[in-house]
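Quick heads-up: structures coming right below.
The following pair of complexes shares a single chain, chain A, combined with chain B in the former and chain C in the latter.
Moving on to the complex of A and B:
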């Protein structure tokens, strides 16, 4: 199982980056997003620039990479005609799908790093002295949360017949509702509950607090707890969707049908 | 007269055939909800960062941006849709002149882009409670038409790449990102570095966005004739280049055998 998982992640990395559009999303898009965010926030304080330009555009790059890879991964296999083969393989389909998501997540991480280095080196943005334990602990949870959310999205999109339309649609609403480039406190009250139910909202909030020079565990407790809770909830949602896809495949025989 | 009728008939028919109009859900997601969410995101962002200063200008500029992107993407999707449906070789081998053929197939997308932009502008105005004077609306219509003309010229140039490159999505997204960044629709033009200003001079939309902001925010029409003239000439230049490139791309597609590559 572990071997299949590792190989899937490795093969997925090669398959994803072979697509010119994904190359653009990983390498070029972060530069555009970072530049645009910097121009918009150019006159703000260094703290604000770091929180909204560096973290915000890095997260936008990560989210774009997920939208153009993991969210549509099952649909892509369906298009290639290989979905049925993966589904009947002796290794669990869930392990293969998680391997694919991890492979894509590594590219998303590289995309974030490209945005970060570009802003720091090219625009000379000041980087706060973060506390390594707090930052890397939070960052690990953020990556797990985004992976679980991607797993849920990939399966939820598989159940829909409008994967491509949803894939094209979902990018900006998440930027907006999850407050990647601004605090969600400015959003209307009726939108906030939606924001609170989405893991990216707490993920970016956690990173903003974790990159504060004077951050303490108690300051991180709220976003950390909510994010951890949402990870568990979305694992549950992911499991339900997985069973629904399996049901569709075995009972209705409609796995490879659009 | 028959030729003109055929031009418009072809435009409507190809739009219905190639855009998947049979399914309104796809249309609503791609052409209504997606542009609206983009406009809303940038409107909320600039409203927060600039404290509401010049918000009407930013919303109108973003509506223009959406309009141009829809038009340009439409032009590009004409070639890739034909390729996806296996009809590109038939289209390219017809004895008709390719330039009017592609322009007529793009026309419905331009009209569609205008519709989305007007809807987007109304949406932004209603949501943020803004007001734009009636005379400004008429000027905006003229500015937007010239900007679309110019951007479609550049779009047609990029669309010719699709005859020899299988990566249409990459080219179209590259162009969209470039227009989003360089147009200055979401930040004051004063923050743009000098080197980027030099690039912006040769990009469509830069002048359209500047005029839109000037007219909506300050009621300043003084630069309209000069900048619109420049934008129109730029559009003519793009179309002239695209006509040469269509012929060259057609030749490349035949020689490299890449016309049907996905």
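Moving on to the complex of A and C:
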């Protein structure tokens, strides 16, 4: 199982980066997003610039890579004619999906690093002296949360043939609803409950607090607890959905139809 | 008779679709209407039928991709509906066409990936992949990207992929579709070799000579129903007393074709156009009476060749599945 998982991640990285659109999303897109974010927040305090420009654009880059890869990967497999092969392989289909997500997550991280280096080198953004334990501990949870969320999207796309439409539909709303560029406090009240139910909202909030030079565990407790809670709920719900999708796909019989 | 490895009993499968944007109407298509047959260990079993007969649906049910709406299936004593995880390591399948591979990976990398998905131990992987590449004649291009391959090479790589777990049962859905005669011959040789090594094979095909050459037994299905199951030899015996008149014409019109099909003693007429020559095959029990009638209907100078032949499996198929097409 572990070998198949690792191999899937490796194959996925190779297949994804072979696509010109994905290269653009990973290498060029973060530069545009970072520039845009800098023009919005350039005049703010260094701390705010880091939290909204570096983290905001980094998260947008990560999210774009996930939307254009992990989520839509199922549709691409359908087009290659390999989705059915993966589905009936002895290795669990879930392990394959997660392997794909991890492969693309690595590219997403590279994209974040590109955005970070671009901002530091070209716009001379100050990097706060983060506390390594707090920052990297939070970052690990954030990556798990984003992976679990991607798994959900991939499951939805396993059953739906309208992936391209869904993919384009969800990219920008998530930027806004999850507060990548703006605090969610400025959103209308009826949108906020949706924001609170989405792991990326708490993920970016956690990282913003973790990049505060004077951060303490107690300051991170709220976003950390909510994110951890949501991750556990999503994992439990994801397991149930996975079983349902696995069964439904065998009833619908549309894995090979694109 | 060998041990039964596949048992299909009264299997039904319905596809449900919704049509319309706002006012959705449900549409049901019954792909299989209660089919039963069994396959013995070591057999090559052919599933033949026209487009839409239900062949691919049957393969998908047997390979755990689909769940039947009725009836039961047993694969090596296991139920593929509830025990799909146990069934999958013992089987593999190959679908016709050029898809079903990662074109941006090399042939070797494709096989290495599927070897891990089929839990082939790493120590065995390298030798097995090289063996399979040699079997399908792709050892010289092992590290070339699949996108540079011809259709026949991709098809052969699919065969290698389908054998990566040394399956007890191999399912092939129209494996020779679109292949040139040499590649198709090579494919048949590979399948016969596999069968000699003990692999049970179920294949669907439109090519009757392929089924005739490969299969121990054949099932004809049409519109989701089983027409007959037997050996090719027994099937051909069903046409005892029947002869085929094959006539090549340089010129023939629709009126004359109609007249030929109405001749007494003619049971079926099939027409094939090949460049300037039209080949017609007439099934009859009395060729001695039909041949003079052909000469009366068609100008003698238009007949470039005429021969009386023994019926082939195709003629049995036409009689059983397309008999109404006269």
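In the analysis below, the second predicted complex is superposed on the first by the 255 of 258 C-alpha atoms of A that agree within 3 Å, B and C clash if a C-alpha of one lies under 4 Å from a C-alpha of the other, contacts with A are read in each partner's own complex, and residues count from 1 in each chain.
Following the convention adopted for this analysis, a residue touches a chain if its C-beta (ideal position, glycine included) is under 8 Å from a C-beta of that chain, and two chains touch if they have at least 3 such contacts.
Keep in mind that this is a model prediction, so the values were computed, not measured.
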First, second, both or neither for A:27, with chain B first and chain C second
neither
Considering only the touch criterion stated at the top, classify A:176 as touching first (chain B), second (chain C), both, or neither.
first
In the overlaid three-chain picture, which partner chain does A:125 touch, first (chain B) or second (chain C), both, or neither?
neither
Does chain B (first) or chain C (second) touch A:40, or do both, or does neither?
first
Looking at the overlay, does A:18 come into contact with chain B only (first), chain C only (second), both, or neither?
second
Counting only touches as set out at the top, which of chain B and chain C does A:143 meet: first, second, both, neither?
neither
Intersection of chain A residues contacting chain B with those contacting chain C?
none
Any idea which chain A residues touch chain B in the complex?
20-21, 23-25, 28-29, 32, 35-36, 39-44, 162, 164-166, 168-169, 172-173, 175-176, 181-183, 186-187
Chain C partner, complex, touching residues on chain A are 3-4, 7-8, 11, 14-15, 18, 80-82, 84-91, 96, 247, 250-251, 253, 255
Given the complex with chain A, which residues does chain B contribute to the contact?
25-26, 29-30, 33-34, 37-38, 40-41, 44-49, 166-167, 169-170, 173-174, 177-178, 180-181, 186-187, 191-192
Can you name the residues of chain C that touch chain A in the complex?
15, 57, 60, 63-67, 84-85, 88-89, 93, 95, 97, 99-105, 109, 112-114, 116-119, 122, 161, 165
